[in-house]
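The data blocks that follow each hold one structure.
Common to both upcoming complexes is subunit A, partnered first by subunit B, then by subunit C.
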Partner chain A sequence: MNKTLSDWKAILIFVGPALLLYTLVLLVPIVWSLGYTLYEGSPITGFEFVGIQNYLRILQDPTFLKALWFGTKFALVVSTGQVILGLLLALLYHFYLKNSSALVRTLIFLPVVLPTVAVAQMFSKMFAIAPQYGLVNSLLHNMGLDGYIQPWLGQADTAFWIIALMEIWKAMGFYAILLYTGLVAIPDETLEAARLDGAKGWTLTRFIVLPLLAPITISSLIFSLNGTLKVFDTIVALTNGGPGTTTTPLTLLMFKTAFTYSEYGYGSTIALGLALQCLVVTLLIVWRNRNGGQ
Partner chain B sequence: MIGQDPMKTGVQNKAAYNPTQARIQKTLFGLPITLLILILVLLAIYPVFWIFMSSLKGSEEFSLKPMWALPETLHWENYARAWTEGNMGKYFVNSVLVVFPSLFLLVILGTAAAFGIEIMRWKMAKGVNLMFLVGIMVPIQIVILPLFTMYYQANLLDTRLALIMTYVAFGLPLVVFFLAGFFQSFPREIIEAAIVDGATIYQVFYKIALPMVQNAIVTVALVQFFFLWNDLLVSLTFTSNPDMRTVQSGLLAFTGQYGQREWGPTFASIGLAVAPTVIIYLFLNRMVMKGMAAGAVKG
Partner chain C sequence: MKKATLTALSALLLIGMTSTASAQKKTVTFLSGQNEDVGYTRIISDLAKEYQQKTPSVVYEYQNNTTNGTQKLQLLANSGNLPTLYSISEPTLLVQLYNKGEVADLEATFKKLGIYNKLNPVAVNINKKLTDGKLLGLPLELNIEGIWYNKKLFKESGIKEPKTWDEMMSAAEKFKAKGIQPFSASGDQKWPLTRLIGGYAARKYGADVMDRVKAGTLKLTDPGFIEAARVVQDMGKKGYFGQGVNTIDYDTAVDTFLQGKAAMFYMGSWVLRDLNDEKRNKIGAANVGFFNLPNVTGGKGSTSDWSINTGLTVAVNQKQNDAQLGNWLKYVFNSYANKSMADLGMLTGFKVSKMPKNVPTLTSMTQKKLNAAKNGYLWWEGLFSAKATAVSWDNVQPLVTGDLSPEEYMQQLQNALK
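Let's look at the complex of A and B:
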């Protein structure tokens, strides 16, 4: 028995191919990427050792700081929107629609499975101003609100909110399902006991349901922040970082630094910054949760 | 009132209870919520409907009619133009030739690895499992520059192999993690009995383990299908030759080139990029929702 289950050749055949490919394509490049931060150049132009110069540069690079700030602000806004709307939807599904919510759940989840590029193209057509008015400007025009017609995606502040809107729209159904599964798992007896004590409506939600749902809400928030900090497809297809660099997150900045300007070393340094950003946000939430929970 | 929990009625009776007033309150309270839900559902599906509707309009309708108007005549040729002139046909074939081999390899390699890690007995199993977990947390962006160099040196840029290798490696952590969970609760007695009966470990894997985790495999393959079909970053990075583009990077190129004026074919090409996911979702929506939620909670 033990001989069969600890046969080295069999283990190698089962785990070997996956591990080999995974190591080659993911683990080795992680280490390699860290090495790149000490170099400048590209595979085409050749590399040159520059020591910690990339790190010194990144700390004083206004473009980097702007992208870092944009990404953080974007992630905070979008994650808050996604989780709050998801929570609201989940409460609606469970307490209002009850068992007949299957159809509504299915329909509101639909945007989750759509390709981001296609959705972004759709949004860019919705908010277009030229060559023809898109859906929104066309609506404004017909309602006589011509004063509000504007190049929604051509201005930094409106573009920010449209990108945020699209991300929230696309994922709210997902967080609704996630939180709904958490809601369903709350035992009926607990809710019944609270009701007997006179809690209902908002009180019941605020003091019983939300605290019980806290762990899964925190997971949703981490998941959402992680996703939105890595936003790429949406921005490439909607604004390509513009106007100027006003809607450029770290992911796009890194992509352009490496592939437009052939600065691999600096690009890798930016990628490291992105990885740290994701890590810090996750740790902050975990830490806050631990302290808050006591 | 029949069949209602007497406890509940008791609670309601505590307050000064007026049935008519309560019913009116319930309706007034219920109507806005029903409306709210209706609006939310409309918001979720209207844009998809709008793409489809706009994809059937003629070019003059875009300039003369408001954007929400229904098409006057159905211009199905928009789809034909997107498919041929817009190269969506070629991109479709490319996507299929990359996504399905990747899915196949992902499932085979991932299931085998999960089996090796959970069922086989060896000291380093835990460590290897942990190594796969690292991949769930690392942002892809940190890996693509060294990968680009590797593929460049190995002459793999603009090949399907580069995309397939990348997709499989990036998907493995979640697949291994998901299936390891299933093998963890796998009844060991069955495996032991099979071995006592003289089955080799490969027969155990192929004839017992694989069929028993079939449902988990279908779920994880389904979820990975959506990830791979919808990917932009990987295909944009490793392909620059238009002949190798997948649906998503092709759509981006197409709308950049022609999308400014030719709105009908543009909407048709967006529709083509969306169609496979919508169709699969319509048929398997329960499984998709369940799979994605499970993947998220575990990931």
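Let's look at the complex of A and C:
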């Protein structure tokens, strides 16, 4: 085995084709896209070299900073919600519902397989104010709470929470199943031993279950944060970034900049910003986990 | 060996035949963001199919574009694959393409074909404004914009057609007090709200207001513009647009008016399609009136200036502009105006030579107003870049809810103009 691994020819034959493919379909486009950040223009007018101008612009661009902040806030709220609710659901499946959890699991998992646009359509109808009151506003009306009736998706602050709610509702089933598989993998003997030592309820969860579940929780967090930082379809379908630009994340800003305003160079710079944001968040979690584990 | 030679010969022959056939055959492709069975796409498709029956060598093909139009056109232009006709929503891109020799100068083309006199001069002038003084888009529609109102509701409340902006606002206040929504508007579409800002500015500064902004002699941060933004903001804050205006889509806005739930509705004459539709129009065509945006006290503009446009721009590919296409254009645009009027009651930028007998009353009323229009001005964002247009649209939502001040609205827009 060692002999094969030190044989350059063998390495070339085994790794070469995959590496070539990887370079062609992944590395080249990434580097190409990075190259665009130094240019400005469109395919029609031609590209002009502008040096680091796009980078200087991005640092002073209030729209970019606003989108960056919105994305960060959104990712924090939604990821916390998705992972914590997912964890609670997993614990519920495993410890309380035990074998009868199949139906509940299916129901909670259902939104994961529904197309986002369909879910968004449902949410926008639920929170509608016109032409008819949606579910929420009719309920408020029937309960005599007319003062609370409002255009939920037409105001920046309420729209934020509704988008977050939908994103959590849609994906928590996925994280519940993911964490559930982790729970199932914890050996019964370990739990039994802990119980014999007198651990139960919260103590058992805090000192036995959660530490054993940590690797999968970390993976879930990374999945969730990266997914929510790159949120696009939910927002396009629910508010299209509005009212104004108050619910515009970096993905939507990048899309609009590149494909609506035809500023391809600046669009690429925003894309780079987004990639860096995802990278930083992921590294932070990994680093925190390593330090925590030691 | 003999067999091989024979195969090679017949293959050559086949290639020869197909190439001569393709030289005679021509495909006219129309790429549009609009469905084929409505409005101008329907008229063009019908006429093109007629022509294809008479001249089978010119094949017509319709393509519906459902994706981002600007991006698609850029890709097609870059690979030299632009269709024969295509709708293009961005005048700046159209000029860029013209400068690269991709877009036909329609004034020259139509003059050469001898059909330039078919065009309505008002439509030509307004269209030329968009593209640096050249006629690059077909004026497939001719729209005027103004306020449609519910005559019955006006009569019941004892209100007359307002002559000044203040009168319009006091009418709105009366309707609101009676529990009737004064204006129906789609804030989800955003542009129906910015049109009011633009309209006010045109009354304040005159019909050439946006040309002066483009030339730099007027700044959007000047007091008149801030006043315009404040007026529209007040309308929103006072609830004149109803509840949740920013979530209301176009069709809901139309239906709110057509079901008698709103007294007034700012919209272009393309809405005649819905107003003339008996199934949708619950208030009845006889109860619909139309007036131009009223005067502003001390303003330079007047109600003889109308917001006029020629609909979504459709350009013709210069690279395919040959004799065959010339004949096709001649055939289609000779009958375009008459057919649009007869089939759809649609006003176009082409002259109608034979007025059909059964034109709907509302259509002929609008036509009369259009004929009497002295001055035309473009919509608020007509001369803006794609970026400035987006800033104007996006910011109008927080403006009408009071989350953005009129000063900030105009300041951000002025910054985006650079």
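As a convention for this text, the second predicted complex is superposed on the first by the 267 of 294 C-alpha atoms of A that agree within 3 Å, B and C clash if a C-alpha of one lies under 4 Å from a C-alpha of the other, contacts with A are read in each partner's own complex, and residues count from 1 in each chain.
Here, contacts are C-beta pairs under 8 Å (C-beta built on N, C-alpha and C of every residue); 3 or more make two chains touch, one makes a residue touch a chain.
Because the structure is a prediction, the values reported are computed rather than measured.
Scan A:43 for contacts with subunit B and subunit C and give back first, second, both or neither.
So A:43 meets both subunit B and subunit C here.
Tell me the contact category for A:254 with respect to subunit B and subunit C: first, second, both or neither.
Only subunit B is touched by A:254; subunit C is not.
Does subunit B (first) or subunit C (second) touch A:158, or do both, or does neither?
The answer is neither, since A:158 touches no partner chain.
Examine A:107 and indicate which partner it touches, taking first as subunit B and second as subunit C; both and neither are also allowed.
first
Pick one for A:28: touches subunit B only (first), subunit C only (second), both, or neither.
First partner only.
Should A:263 be classified as contacting the first partner (subunit B), the second (subunit C), both, or neither?
second
Once the shared chain is lined up, is A:173 touching subunit B (first), subunit C (second), both, or neither of them?
A:173: touches subunit B, not subunit C.
By residue count, which of the two partners contacts subunit A more extensively, subunit B or subunit C?
B
Does the superposition put A:10 against subunit B (first), subunit C (second), both, or neither?
A:10 contacts subunit B only, not subunit C.
Give one of first, second, both or neither to describe whether A:117 is in contact with subunit B, with subunit C, with both, or with none.
First partner only.
Take the contacts of subunit A with subunit B and those with subunit C, and give the residues found in both.
Touching subunit B and subunit C on subunit A: residues 43-44, 124, 131, 259.
Considering the complex alone, what residue numbers of subunit A touch subunit C?
Answer in residue numbers: 42-45, 124, 128-131, 149-151, 153-156, 241-246, 256, 259-263.
Which positions of subunit A touch subunit B when the two form their complex?
1-2, 4-8, 10-11, 13-15, 17-19, 21-30, 32-33, 36, 43-44, 89, 92, 96-97, 104-119, 121-126, 131-135, 138-139, 141-142, 169, 173-174, 177-178, 181, 192, 195-196, 198, 216, 219, 223, 230, 232-233, 236-237, 250-251, 254-255, 258-259, 264, 267-268, 271-272, 274-275, 278
Applying the document's contact rule, which stretches of subunit B touch subunit A when the two form their complex?
Listed in rising order, the residues of subunit B that touch subunit A are 7-8, 11, 14, 33, 36-37, 40-41, 43-45, 47-48, 50-51, 54, 62-63, 66-68, 109-110, 112-113, 115-117, 119-122, 128, 131-132, 134-135, 137-150, 152-153, 165-166, 168-170, 172-173, 176, 192, 195-196, 200-202, 205, 226, 229-230, 232-233, 236-237, 247-249, 251-252, 255, 259-261, 263, 266-267, 270, 273-274, 277-278, 280-281, 285-286, 288-289, 292-293, 296-297, 299.
Touching residues of subunit C toward subunit A in the complex: what are they?
Touch residues, subunit C against subunit A: 68, 70-71, 74-75, 77-78, 93, 96-97, 100, 187, 242-248, 252, 255-256, 385-387, 390, 394-395, 397-398, 401, 403-404.
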